[in-house]
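Think of it as A, B and C in the order they're written, each chain with its own count starting at 1.
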Amino acid sequence: MIPTLLVTSLLIFWAMDLAGGDPVNQILPENATYEQREILREQMGFNDPFMVRYFRYIGGILSGDMGKSYISGLDVFGTFMGRLHMTLLLGGSALIFACLISVPLGIYTALHQNTWKDTLATVLALFGVSMPNFWLGLMLILLFSLKLGWLPSGGTGGIQYLVLPAVTVGLSLAALLTRTTRSAMLDVIRQDYMTTAKAKGASYRRVIYNHGLRNAMIPIVTAVGMQFSYVMTGSALAETVFGWPGIGRLVVDSINKRDTPMVTGSIILCCVLMAIINLAVDIVYAFCDPRIKAQYSGRS
Amino acid sequence: MSKTRKTIILEGEEIEIYKGRSMAQETWRRLKRNKGAMIGIIFLVALMLATTVASFVYDYDKDIIAMSKDRFMPPSKDHILGTDNMGRDIFARVLYGAKYSLVISLGSTAIGLAVGLFLGALAGYYGGLIDNIVMRVTDIFYSIPYIMIAVVVVSMLGTSTMNLLLAMALGTFSNFARIGRASVMTVRDQEFIEAGRAIGLPTWKTIVKHVLPNCLSPIIVQTTLKVGSNIISASSLSFLGVGVTPPTPEWGAMLSDGRSYIRSSGWMCLFPGLAIMFTVLALNLLGDGLRDAMDPKLKR
Amino acid sequence: MRKAMTLLIVIILACTTVWAGATKEEGVAATTGTPKDTLVIGVAQEINEQNPMMQNDQINNNCFVLTHERLIFVDSNNGYLLSPELAESWEWKDDTHLVFHLFKTIKFNNGTPLTAADVAFTLNRARSNDPTKSKISGTLKLITDVSALDDYTVQITTSAFSNELIYNLGAYPLVIQSKAAYEDPANKAPWLVGTGPYRFKEWKEGQYVTYEKRDDYWNAAKEPSIASSITFRFLLEASQRVIALQNGEIDVCIDPPTTDLKFLKEDANITVHTQAGTRLFYLSFNVEKAPFDNQKLRQAVSCAIDKQTIVDIVLDGRGKWQTSVLNRGAWSFLDNDQVEGGYAYDVARAKALLAEAGYQPGQLTVELFSATDDPYKTIAPIVQANLKEIGINVVIKSMDQATLKTECANGHQQLFLWRWNIGARVDETYRELFYTNFPTNYAQLKDAYVDQMADKVLTEKDPEKRLQYSHELQNYFVELVPQVPLYVPDLVIAYKKGLKGAYLTGGGAHDWSRAYIEQ
């Protein structure tokens, strides 16, 4: 975790350093004098060698200072945290939306394998994963905001502002999870213990939900966990399309403006966030998988 | 199939060629029965033909980038997909643009595949420090939302088609590194590798001749799917403004142009997006078909 | 199993609800309906600085005009006429001494009175070369000293006479701040203390900034402010601003996209306001570097560019193309029929000039540096197509604006697209864009005549002679072609019917402090 963060920060810092664009041009108004530019360079230590600047930056992080944006002058950590809940809200809603659709649909299609219903759902899911989600967002705006006028096309506010972005991120995610759920269920159904359970006279429902779903849950949770990175990527695009003030758009905007402290800081914080999410996924595993649970509780 | 496998071990190299052909034939035989995969193949072949024809029929300077007075024409007889904000025919641009999208995604997947497999095989075969380094690097690419890396890389290298391709290759390689590593590790300690070592075959020859063929099917499937997802990634990056330089008719760039006119000229957004969706859909259908066709579990 | 799944969903749901709740509360101020006494303005950019002298961006200036005041008011809509704001009167005592007499009843928003000491403090701080104190010292080089003669009289000493110093002092970054606030160690944001009719309330990064009306505003002689709060909502995507306006989420939409105007015109509740703008977009050369060190070649390029088509495509016709390098609307600006000669769109002439410059069609391939955003990404392909027409191949290099500025300052470019906006001071064009070795002289021009004329325009006291110098210089540029001026877009603002009291300028320095929506 720590070495990964160090290497990541070094790579991003280095990449932003190589990318053209004198930071002085971002910080000072365009018509600032050479004299003032030089003073600023000295003050900010832009003239120092690369490694000196990098270690100063890392030193700053260790003492709790992630630097200030070149563009807005705001604290990087504060800005990131100020926007984090927006992305979590969007990502969380998208994920819930995706799970609510995909898990039942996946189970249903697995149980009705090779019927027309299965084929239809599978084809729809395929369409879902094949769509660029920013395009889906644009099409939703076109339909629901512009043609029908039901929902706002962007910005923030009440729950109605959340619907289109969450559906945009959630729909392709749902398509993906439907496929995962379906194949996980199919795998489970073929297992011998299912036959055994059926033979023992357990009801069909009980077999599917108690034995089947329970075992299929692990690959599904894994898939959900893996998709967090996807959710973040999807959010970055959806945030751009819908003008949603989250961290994805923050990073993309900052890169376009060459706001090095904001970019480096945000990406490091994203890594930390992903690590925390992965940890959370591991904990959920423990709940899902009786074997892992047994390990933790030390009983049975 | 189990028969052929036996003969390989018994009789060595010659049979292996036979086995390869047989496996390909067997796969093709099963693929042919898969309707989805066949639709995918037909679509892709048709698209490639159309694109090839388009590059002869249309003149880049005259038909693809030159402006005309017919701006914002809705789909009609003269312009079946309408015209854009500069009066360019969208049908011509979408067809011509297929070349860019395909080249970028195929190129980046190929580079990612080569680099990823090489590093993965290296890591899997030698283990230890090399394994550690390679895996930590792929971890980094797993822990940062991919789009952020790509945007940083393109910013660093400058906006151009080649740099876009490289940035995407960077996001692709970690996938293949994992596949390569896992495949090599499963066979590393098996007898036939030992045997190869004993008769003095160089290590790389052992890997290329005996290990790679064993993990061919996940690689082929993964490659097909990755080409599809890279089309989406490339268009996402262009959409964010870090892809190709204007006036290149790349699909994502066309979407990004159309976005400003979505309200008055929705078709500018609709058609490039449909092109992306159907192409990716075709690749996904093919990928799924290949997976089923190559899956030993489904052989019965 | 079911327990586990329920738990997972409950956890996620709970978290989401908490976040959703949090957001909703924050969103309320900006989005619930629009009571008549508030004004919500949808803007295309986010503010980026709260200390006036640490920036010079129009979007911030639109906020400072609410909370702070300048010494004098420069009326951009009325020939840059000067009138009192904080200073009741002013005069040049001699060539190097400018004296301001302040009103005696001015109060800051923390209750303390404004005196000459505050003015001297503000101007001296602004002159500081230390970038942590001021980032605008470059525009105040001429001033050698600012001192308070008494409580209400300030004297500015300069090293030489300048026609434009007074306009300099009327710029928004030089709004007067409080000396006492800066000297108070407990005050963490002393720059928020101003004398304007509004005070800063909240900046929600990425969303909005809000100002609330002061009840104790000092200047009773002025028209009173009506709106109890003014909010700028950052809606970066133009089509979203338009929809927000039609939905009633905002009262004013800055810069609606021209292609959406037809929807706004159909809307009975909305007025579309248009006036001439001042921001000039141009195609420029690096005149020091081959091949564009060749004047004939530059003239050929100028003749090849179809400016009217650019205006049609980029702005849907809402703008004017021009020949002079000076911004339309600036003092002494020469319109297209007033310049002498000129190299207007004429493909045949362009081809002839190309031959005169010594190039065969198809022989030349040049790079065009262009920013990745609009309108540059639309202009670049048009320029490319225009130049193709006369046999010059253009390779477009897209980059972000920060890189573009650095590349151009370092002289790496051949052709580039950029823009410049000036207000009352023509020196901002003559000196900042063309004076030898000025940091923003991206064209890399080194021309003794230009330098000399720029100095003369700045210091000549005889108004007629000064005007003549400025005209001569513009005509000289027309012949020299260090840049091909393209167009100035119109200022377009859409707002709810019944908007009153807004002061809108073509340059984008609007004053909303007296604006309100009449019921």
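In this section, contacts are C-beta pairs under 8 Å (C-beta built on N, C-alpha and C of every residue); 3 or more make two chains touch, one makes a residue touch a chain.
The shown structure was predicted, so the numbers you read here are calculated from the model rather than taken from an experiment.
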Pair with more cross-chain C-beta pairs in contact, given B-C and A-C: A-C
Chain nearest the global centroid, as defined over all protein CA atoms shown: A
Euclidean distance of C-alpha centroids - subunit A vs subunit B, Å: 23
Whole-Å gap separating subunit B and subunit C, where each centre is the average of the chain's CA atoms: 46
Mean-CA-position distance for subunit C and subunit A (Å): 37
Residue list for subunit B, restricted to those that touch at least two other chains: 155, 158, 241-242, 259, 262-263
Two or more partner chains touched - positions in subunit C: 239, 372-373, 399-400
For subunit A, residues that touch 2 or more chains besides their own: 19-20, 146, 256, 258
Subunit A residues touching subunit B - in the complex, by the definition given at the top: 3-4, 7-8, 11-12, 15-16, 18-20, 126-127, 129-132, 134-135, 138-139, 141-142, 146, 229, 232-233, 236-237, 240-241, 248, 251-252, 255-256, 258, 263, 267, 270-271, 274-275
Subunit A to subunit C touching residues, read off their complex: 19-23, 25-37, 39-40, 43, 71-74, 79, 82-83, 85-86, 88-89, 92-93, 95-96, 99, 145-146, 152-159, 161-162, 209-210, 213-214, 217, 221, 243, 245, 249-250, 256-258, 284, 287-288
Residues on subunit B engaged by subunit A in the complex (per definition of touch): 36, 136-137, 139-140, 142-148, 151-153, 155-156, 158, 228, 232, 235-236, 239-242, 252, 255, 259, 262-263, 266, 269-270, 273, 276-278, 280-281, 284-285, 288
Contact set on subunit B toward subunit C in their complex: 61, 65-67, 71-72, 85-86, 155, 158-159, 241-242, 245-247, 257, 259-265
In the complex with subunit B, residue positions of subunit C that touch it: 238-239, 242, 257, 259-260, 262-263, 309, 313, 370, 372-374, 377-378, 380-382, 384-385, 388, 396-400
